[in-house]
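There's a structure below that I have some questions on.
Letters are used for the chains, namely A, B, C and D, taken in the order the chains are written, and counting of residues starts over at 1 for each.
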């Protein structure tokens, strides 16, 4: 089975890059499952019903989220019926709308997709390691493969998590820092790992936010309204993994990184 | 001019990787200037006189540091005479031993090498943006090219800094997260940029620290003594940049990443 | 019922202040229950078996802890048999030695004493609000009164917790900042509240640590070895609360603050 | 000379408490100088021209600020002409509107009032210790006394600063945590110290913000819009210091804390 994952889609330019390139990427790699992180698609913060549908219609099977999940109030109107949308599973139990994982039928196989969020330099929600154990116990017998989008700030928490679950899931792909890392590998137990998939959005800005504003914040240390631009060159980042349908082990992981400096190659 | 940069060397395995591969890397790329970040070379924390000399004798011309600069007390014995060692320039003025930049003769040219440290999720030292201005004013007329090792945690601070100095320096290469990023590029003004060069040390651990201990810390949230192992497979990470001797603009940046999964190729 | 609470006992001077003044405080206020926070008693970090016994023998019935609970390895040798020692209840479930609350017989009544730790600017352990609910459900029918030592950094988390549990517990007394606050009050539901009880230890240092070293850290931003002095004037801080034996509501809270500037008055 | 200081005024209830009680406090204590922290007066965030004038007309001679200084854009319209308004002096040099200290004529004497902001768990601006030295060198010969509003989160940074400047200024009064501390004292060199003066605003909320919203944030860890209520019981907190006109040393410090539980006494 082949899975394509696309990192944090950011604002209008991210939407356009996804709409333009996800079909091409799918045509090239022919994945059976496509997962897109959508936590920044609505102007950098959150998601709306229309944009959720837009991600699905551009070719995604599952949409994952992160610390920006609830930034747009509109999410409360559709999250409970959005069957392909997952938010970090370790938000507080019983009181958080939506769900933290989903089981997807891929031909004869069932793939569990889990979204978790780290806690170092991020909000103190529930323990992602403990929450993984809880979900894993629940779904392992129902799944042929498990994919984790681990949304976190630090390299240490992401790498620690990957070794912790090595051999139990097919892949741990990191998101949130918006910069793709060059450490894709297969751990000894067969788990694919990548610290960060990178983002999908503006190429000449800072994490997708207008660079002048971000620089101003660093220089002045006064309140600045960040914004994500609507025009300019874009990038799309992610990865492809190939896993063995029998064992769920991953045999191959490859980066996707398309930008003006690295044009799409058929 | 060609410059090779090697990211944070970590403990005994880092020393060995540096000793084994830096000569090979130099033979392959034939750089005129070689810079190595040594902040973690002494068991993960700081540097000693012997290890400083070891880095130079393995082929480095300049050693940069970071937030671990002063972890080993021994540094106070030699930092003021270590003419090729620089520590983050934005440590408090007048009271910090050592220096934050150095000018190096490379044939007929003079290259300024600056070490700066970010402040987001790191200690609140002096402003790296303002300190850059101060140093830049001081050295720009004496230098044909300027190289910055920007030691910082977040992608936003590193990218913001790179755009801020674009066109004024030849390269901003990030360190500290110990994971190489895949975003090497030349900004419009001719400044090469890479969010993180990655580390040099153990390949199967967490940022160079024994993985069982780091995972234990995440699971238990109790004090754990971290350690860097002395044995096991290693990796060495960094980059090569080519810059125009007349303009100081960079024309090419390329990643170096050697590990069991990516063996050195001559 | 009257309860005396004494804030974080810090190193040798804290031990001496506790030994000298707790008997006098008890003679003056004649409490039925005495609780002492001991997280810093062993040189500022953690506790030993001998010091645990010392706290009890100076007149405490229960010893509470905080983020320094496990700083001294020796605690692993006696925590499970230390029936009067509690550590923050929201350390990770199932894997943390010791216990987070204790039920104490006070004449005919049973008092539950709970230790919880905040998460803002402290380690991301389990949710203290959710953990309180869990314990409260378990013990409310067995207890005539409940006392909470809420060990946390920020005023917001402590005050939020107090309003959240108002009417369900007799008192929420904060610890950790080592400075006594002047906001003691009885909330509308009958819960006594104090943001911080203050510390017990050196009077002319910084949170109990030698002031020259702490100032040096702020000036130099380099590693400094903190230490708690063995000699010099001391202070002891805490509070007294009076609660109705029938209802468990608190009717009175009063600060204890003894130092060279505020000598003990019989 | 007698100085009255009033801590962070918060929203409409804070305005009303200030208007109602500052005249009474002044009538009771008859200070020669009155200083009010106004960083939260405009709905909890920032200040407007009208509210700046309101603080002065209720009896203040100087208005200090903090991390919320620039929250309301309107401040840019009047800060440069607001001769009695100071903001933390250690905001970035040359690029920050307004000023960080002011010299005030009090009869024959000149009092320097300085506003500084801490950096622990707050934004990384310039070093408040170094900035103090710079200002102190500049003004010490022109001043008979110096008063510092040190706006910071942690007890350690505030206490460290007070010992660092002991004997050089008349008082270091802390603000920002919104909870008055009970550690008012005169340090050996004659500097009055108080970790936090407390706030002026709602009495039954959390740091002045509607408690239900703050509790919701702790329970849900999702975005919540904080607000400061316009109605309900209020409190006003601060302190009074008496200093020797010849030496500038402080001889007496006393807390002011007025609330429904502690009514104003003539």
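In the analysis below, a contact is a pair of C-beta atoms (placed from the backbone, for glycine too) under 8 Å apart; a residue touches a chain by one contact, two chains touch by 3 or more.
Remember, it's a predicted structure, so these values are computed and weren't measured experimentally.
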Cα-superposition angle relating the copies chain C and chain A, to nearest 5°: 180
Interface with more contacting C-beta pairs, comparing B-D to B-C: B-C
Centre-to-centre distance between chain C and chain B (centres being mean Cα positions), rounded to whole Å: 45
Sites on chain B at which at least two other chains make contact: 92, 124, 219
Chain contact graph, described as a line, ring, star, complete graph or other shape: complete
Contact set on chain C toward chain B in their complex: 69-71, 91-92, 95-96, 123-125, 219-223
Interface residues, chain D side, partner chain C - complex: 121, 129, 153-157, 159-161, 163-164, 177-183, 185-186, 188, 195-196, 198, 204, 206-207, 211, 214-215, 218-219, 255, 257, 261
Complex interface listing, chain A residues touching chain C: 92-93, 119-120, 124, 126-127, 130
